[in-house]
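The next part holds the structures, each set out as structure tokens.
Look for chain A in each of the two complexes below; its partner is chain B in the first and chain C in the second.
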Partner chain A sequence: MKKDLLKTGGICPLSRRSFLKSAAAAGILSSLPAGILQAAEWERTHYEGDYETFRNACPRNCYDTCSIKSYVKDGVLRFVEGAKESTFTGGALCVKGFSYPRRVYSPDRIKYPMKQIGRGTGNWKRISWDEALTEISNKILEIKKKDGSLLGMALDKYSGNFGITHYGVEGMMSSLGYTTRFVGTPCWPAGIDAQNFDMGNMWCNDPEDIVKAKYIIIWGGNPAWNSVHSMKFVYEAQERGAKVVVIDPIMTQTAAKADLYIRIKTSEDGSLALGMARHILDKKLYSKEFTTKHSKGFDEFAAYLKKNVTVEWAAEKSGVPANVIRQIAEEFASASPATIWAGYGLQRHTNGGVNVRAIDAVVAMTGNIGIEGGGARYGHLHTWGFNYNAMVQKQPEGSVGYLGKDKIKSEFHGPEGEAQAAYSDRTININKIAESILTTNEPPIRLLWVACKNPFGQDFDRNKLKKAFDKLEMVVTVDQFFNETVQNSDIVLPCTTLFEEYTVNVSYWHYWIGLNEKAIPEQYEAKSDLQIAAMLSKKMNELEAGSCTFPQITDTKVWMEKEFNDGIHKLFGIESWEDLKNGPRKAQLPSSASWNEMKFGTPSGKYEFSSDLAAEYGHTKLPEYKAPRKAYDKFRVLTPHTQFALHSQFNNIDIMRDFNPEPFVYINPAAAAAKGIKDGETVKVVNKTGSVTLKARVTDIVAEDVLVLYEAWFGGKTDFNIQELVDDESSDMGTFKTGAPGVALHDQFAGIEKA
Partner chain B sequence: MDSIKRIEAFRDFFHYGTKEKMQEAYARITDTECGLTKNIDWEAEEFLFNRLFVGPASPEAPMTASVYLDPERHTNGRITEKVREIYTAAGLSLSNRGSIPEDLLPVELDACCILKRLAEVDENFIELYEQLTAMHMYMWIPLFTERAGSCADESSAVMRVLCMLDEWIKNEVTSLVMSKEKI
Partner chain C sequence: MKKQLAFLVNSKKCIGCYSCAMACKNQYHQEKGVVWRKLKPLEAKDYPHRDRAFYSLACNHCATPICVEVCPVGAHVKREKDGIVVHSSDKCIYCRQCIEACPYGAPADNVELQRAEKCSMCVERIDAGLLPACVQGCPAKAITLIELTEEKLPDYVKQYPVGFDKFEELNPSTRFVEAVKPKLVLNKKDL
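On to the complex of A and B.
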């Protein structure tokens, strides 16, 4: 017996550090450009043993939405790999995806419902689900009694989990009554509006067709970190002879792979695009067919350019030499197809939306809209036509709500089925959460429900947010890990990972659909958002019959099945969701090109260089130059995504901290020398919003007037929070399609000194 | 106190994590060892317990063997599998298999109770008990109690239980070794 017992499974030959290196190496190898050496055929690990396999789909807020194949033995998730059926995922995951088993079984996961005795004290008691839901339900009933409505209950939810059934959280709120909702998006709204004004929708080419492009400009994005699977298509295009140009204020890893890197002054993207447009116009390199047949307002745009824009002016504004502007303008206009990938970073400015419009205009005037390998690529929601069954819930009879005209909007779905209701929810800009909690009255926000979001990690002006949370009577946070938002909550409810529930996922970038199966049991006492909603409904009705309409279904598979419809079946060529057990499927599209029929969704049905709709929303009809936000401190502060995390997710996983142990501020050597700052020295970055103290990295990847700090919570022993430096200044666009403007989070400024 | 009941008391102390259950288990443990339970702020003990072992913040001393024995701190990996094999050999499995790791302290203590009872009627289970305690728990509980102890107030009830748990596993293994030497 002893001999048998001691004969354990094979010992993993890889250490933690080498695991991460392997994962990173796999990602690098799978996306190597042509050279003397090339990546060998991906050598799949040969797995011995009796594993059950499951289909999963990464629900993170990421371009790639990877299709995952999960291997389970003895009820334990042993490892994951990319689904080879998806030509986008291509059998690989990013380094974050490969770390999922570590995340699922982290000792740091929140295991039980817990109540904090004194918000922020760190004195936590373990409570049962029944106790937690009773306390929350009593608070809800108390608010309803006190205010006569549930507008004092607010939901703060965004992109922590994009599984379609997670819109059940919104459904849970509706099922309780009319509530306050933080709407809009901190992510990409200015660009969404821009593309809607120009083309009538946000609709990008299939990213896999970028291989057909002859000229690729990646503008304000860093897919080498944030869309690793897209890079292999960029590399293939390069192998086929395409030129890749990266325009970015930071010399990113993507820029390092480009044929030409252009450092631009931050927020001057519009001037560069307009300068290119002027040169294309002067050289008569624009498409007469597209501009005459498929567009509206080109003559006005041309007149604007001739009157207001010169290449020299653009060079002065953007910091890009005039000869380079002329070169890329001519090359772009002469190549066919040519494409621009507009990253989300470039629209996070007070002029971000109009800058995207200027970039769209360059693509359009050169006739690159509607063709395979071309396009002004930003994102799409064409595969998101689910039922949103969990989200569409009816308010309890007699519910009283908001009588204002505001309606809920979100980029991912339409109105919530209450179009004709006399009352509505009260909607507030998600990017002004701190200010809104502090100033909203009649009734004030008393109870805040946080799900799929870490506002202290992602929302702006951390110090104001702390004051706002202090005003709230109760904060309930649903999360997997402790963070600053949980620290400022009264009750925390543990939620499941993707491997512990059923759902379905699609991407806002590629065109694949992935089933997400429940591969392992819920860990400890974790529940999915839907299970929590169902359990809350049960408790509410126990305490007051008819007070919640949410169906008391706790089987996530049942909820997942309800999301499918004929439209989804037809789009993906499936008979039912069960076909997805065989692997992810790609939408069956007549062309990989968006707008391939040249039927635009604008009022004119054409591409609109001049948009009356834009004017209705307070913008210029044409994509005219708009000056950047005025600097209020010496250095511009940029806070882009880090490589080893997705916002505040993954940062806290120990294997990530091995490679990303602490935050740094990156400063140009000349700027550092002027301040007497040496590499590795501790510095303090200060502005009107707050300050952070951290080590400096001296590097010429950043310009002399720029400081770069990667975003989000780093966990561990640091209390670093980038939101100490970011205020809630709005971007120019977003209200049209997402209900609220975005936030100009890259229009921030600060000073720096040795600590 | 009967040896099995003592292990049950340890199990309950670490399993429930509420002040009422902790107090009740503590009384059972100390009735035989230390006596009185008065002058203890059980609310503060509960907060300390959660800070050390449960969360929601990262526990300072997670009560999972893998954290101490696996070179990569990988829970549900090789160490958990080894413990699961011992349970399987004894005909045991978690009722909520896959929801919690088999090498969680209260689970292992529960297994100790069961194996000890089984060993009373079938000596084949003695070897399994030895494997679980001498070859596994003895390897990590001292590390666990040391780590937790370094983060806890020395006068706390939690600290006292940690000391007693440490003492128990050392004594248990010593007596197992001595009984073997007699043979």
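On to the complex of A and C.
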């Protein structure tokens, strides 16, 4: 009898969807209210077959930028998977990627444009798109009239969506006039500048070629959580005999997979790298060919090492015993190819840029730059050569702007617009938003537009930020969820998820390109950033003809098509974007190694151990030791990424709580005992910036005077936010390539007590 | 020996990323709180570093499944052709017997829908020639699907690894590779 039952194997009983299916068959679906296909589409499902499939690409600020295949039935996103065509994504996604269907159909999504009667009151009122756009447009026109320019309108946007067409938000601003722009990047600019000074660009090997490495150092990065797809290549290298060393102040999940884990003192990466370099020099294990033929300033670097660095000094500074420094230096120099993956955490310090330069120097002097399986891996923008058509928009005729020479810089693309206009936008360091809003006058910032960013979730010194927002006359935020920035806004505009628009995505790590198709209709009244710009343009021109130049095109597919050019086609070996419907494509490169022709982008055309350009930007020519930021409290506070969130996205998705129910502060057993803190007890972490109250988790993954709290905004009923503990201290580098230095996110300190 | 499909959970490769657990929810849309596949962090006695080694666990598709034995309505059925223990929740009368009987805690108590439910190894995907969602969804290739045969598995592949309870009468089909520890060089103080 049992055998008969076996044939069915049905996992799921009749659902509301089955009702919808029969409704569709009966032809009554179109007469149902629209909401029924949207409000509760997260309902039980199982694998049925016969899906309509679409190509999507995860647009989050992440190494892996996954190519996604989406399975749709009855206009509803049923499930997603990693694209098998990509050898990088390899059919798998991360915990965040697999939560996407819930994110799309989350009951917490912002469904309509809304207006808050009294900022911060929570008294939200649904308004129509027309009402919202009319109110915003009138404010823009009022500012222009009052100030004679639109510099009182500012844009705060960064990495919430890296889809190429999302630079249309910048385009929208330009199409209105000369405005105020927050420029720079919080995340990685110190390392970008470091690699530019050393090599003339940030250009890493294909991450898939790490399988060829014989020795791998993962330094200040945690790919096991933040680049999950890279781990299979690290494993393959290990299986082929490579040794994997992880250097990090935290025993990360990546460290647990290493052959050797070295717990370094935070921000002392420079001393360790220089100590390794000194030993390599003494043992004559450096590459004579590379240092003589392909580099500039090696003799000066060697002289600096001999005069200022010893292995014992490096051991004292870094906390890594001298014998271990010698061992890893010799092993690294003797293995070929050997590679270092320099993570982004390592450069979020007041000496982060110069520390990356010291690490680059170890890779370079051992002849590991320009070879497959080698390299100082940090990131690349080799595949980002799109048209930025949506971004490049002309100001309306007669626009008045800033009379300085500000040029908007971004790591992803060249300066916006080539025009030698007399006027320009007013630029302000993105990492000093609070301070800038408070101190900028003539004209003050009156209207702030926030898109692809959650400043209250991610920015620094939040108490100051609150004061800054209080100075603003109007705040408009485009988002999907009622986060803390939305709470501090007047108008919120609902935006689409990646499944509801067309765009195209590439990575700053791997070399694949992924098409992002519109798989399902826009949910509720959500619109994409581009559609919002087009609708705003329409309204502006209705109210005052000629006041906005943004094309009133609302089909995101048209915008996506305009981003492609011959360079992109050639690089990826495609005739047109339509080829990407068959799956993601990888750039066709002559070698998996960056700098394989040994032609560097520096002024000398060589690898520059000594960089005049670095000196021009106020740094030492050589990667000289720079002491870390002085501690201002008893414990160091590290706030790295968790696997469950990408900055302030995903932590708030309810089903993520099944696996990540609440935030913790991680503390060493010795420190916990000294403070009388028991595992699971509620504690208060306090510093000069603010405080957070949460439970302690006692663990040996950190040193005795280090506290770890994973970022970021948690959402739901908790008001936990680690940015309460982070000030806006700058990192050393970033100005050269991104227009502003980064943030010394990991140079923070605090005290901890039982709550 | 009858054909038996099984999960091979490689804890040496597992990075605790929870992709497998969410891949399951992506496929079946279980309600919040209803989890078929979870990660079990190894306890301090079994692995010295907290939250740094895991077993990804779901139904073990036992050779002698207790759920099949106790279910009064035949909602749990062990398939002849591949040994998958399939649960049909539309037959479930919510008597909770399987939930109480399974020592591995595989059947989940769905309070909202008032029924028991569990991993059926993505039987519909398997029948369509696909891998289970968790297996395909693991970016580290730490869960694979294997077929248990008369042939002996290598010694490092274990049925009862450290930290996994031994219930021999059930003869769970899941196999494991144990986590390894890195060599450590630790400084005590950061500042």
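Going forward, the second predicted complex is superposed on the first by the 704 of 755 C-alpha atoms of A that agree within 3 Å, B and C clash if a C-alpha of one lies under 4 Å from a C-alpha of the other, contacts with A are read in each partner's own complex, and residues count from 1 in each chain.
Rule of thumb we're sticking to: contacts are C-beta pairs under 8 Å (C-beta built on N, C-alpha and C of every residue); 3 or more make two chains touch, one makes a residue touch a chain.
Keep in mind the model is a prediction, meaning the values are calculated, not measured.
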### Query
Looking at the overlay, does A:F79 come into contact with chain B only (first), chain C only (second), both, or neither?
second
### Query
After superposition on the shared chain, which partner residues are touched by A:V356: those of chain B (first), chain C (second), both, or neither?
neither
### Query
Taking the superposition as given, does A:I437 touch the first partner, chain B, the second, chain C, both, or neither?
neither
### Query
When the two structures are overlaid on chain A, which partner does A:Q523 contact: first (chain B), second (chain C), both, or neither?
first
### Message
Under the stated touch criterion, which partner chain does A:A154 make contact with: chain B (first), chain C (second), both, or neither?
### Response
neither
### Query
Of the partners chain B and chain C, which touch A:V475 in the superposed model: first, second, both, neither?
neither
### Task
For A:M251, decide between first (touching chain B), second (touching chain C), both and neither.
second
### Query
With the two structures laid over each other on chain A, which partner does A:K232 touch: chain B (first), chain C (second), both, or neither?
second
### Message
Contacts for A:V320 in the overlay, against chain B (first) and chain C (second): which applies, first, second, both or neither?
### Response
second
### If touched residues of chain A are counted for chain B and for chain C, the larger one
C
### Task
Across the two complexes, find the residues of chain A that touch chain B and also touch chain C.
1-2, 5, 8-9, 11-12, 101-102, 654
### Query
Which part of chain B faces chain A closely enough to touch in the complex?
17-19, 43, 46-47, 50-51, 54-59, 62, 64, 67, 71-78, 80-82, 84-86, 89, 96-101, 124, 127-128, 131
### Residues of chain C that touch chain A when the two form their complex
13, 15-19, 21-23, 25-30, 32-33, 35, 38-39, 48-53, 74, 77-81, 86-90, 113, 120, 122-125, 127-128, 130, 133, 136-141, 179, 181-191
## Note on the structure
In their shared complex, chain B is touched by residues of chain A numbered 1-2, 4-5, 8-9, 11-12, 15-16, 19, 74-77, 101-102, 105-112, 114, 117, 122-126, 482, 486-487, 492, 494, 520-524, 652, 654, 715
### Query
In the complex formed with chain C, which residues of chain A make contact?
1-3, 5-6, 8-14, 42-49, 79-82, 90-95, 97-102, 224-225, 228-229, 231-232, 235, 246, 249, 251, 253-266, 319-321, 324, 631, 636, 643-644, 654-660, 670, 697-701, 703-706
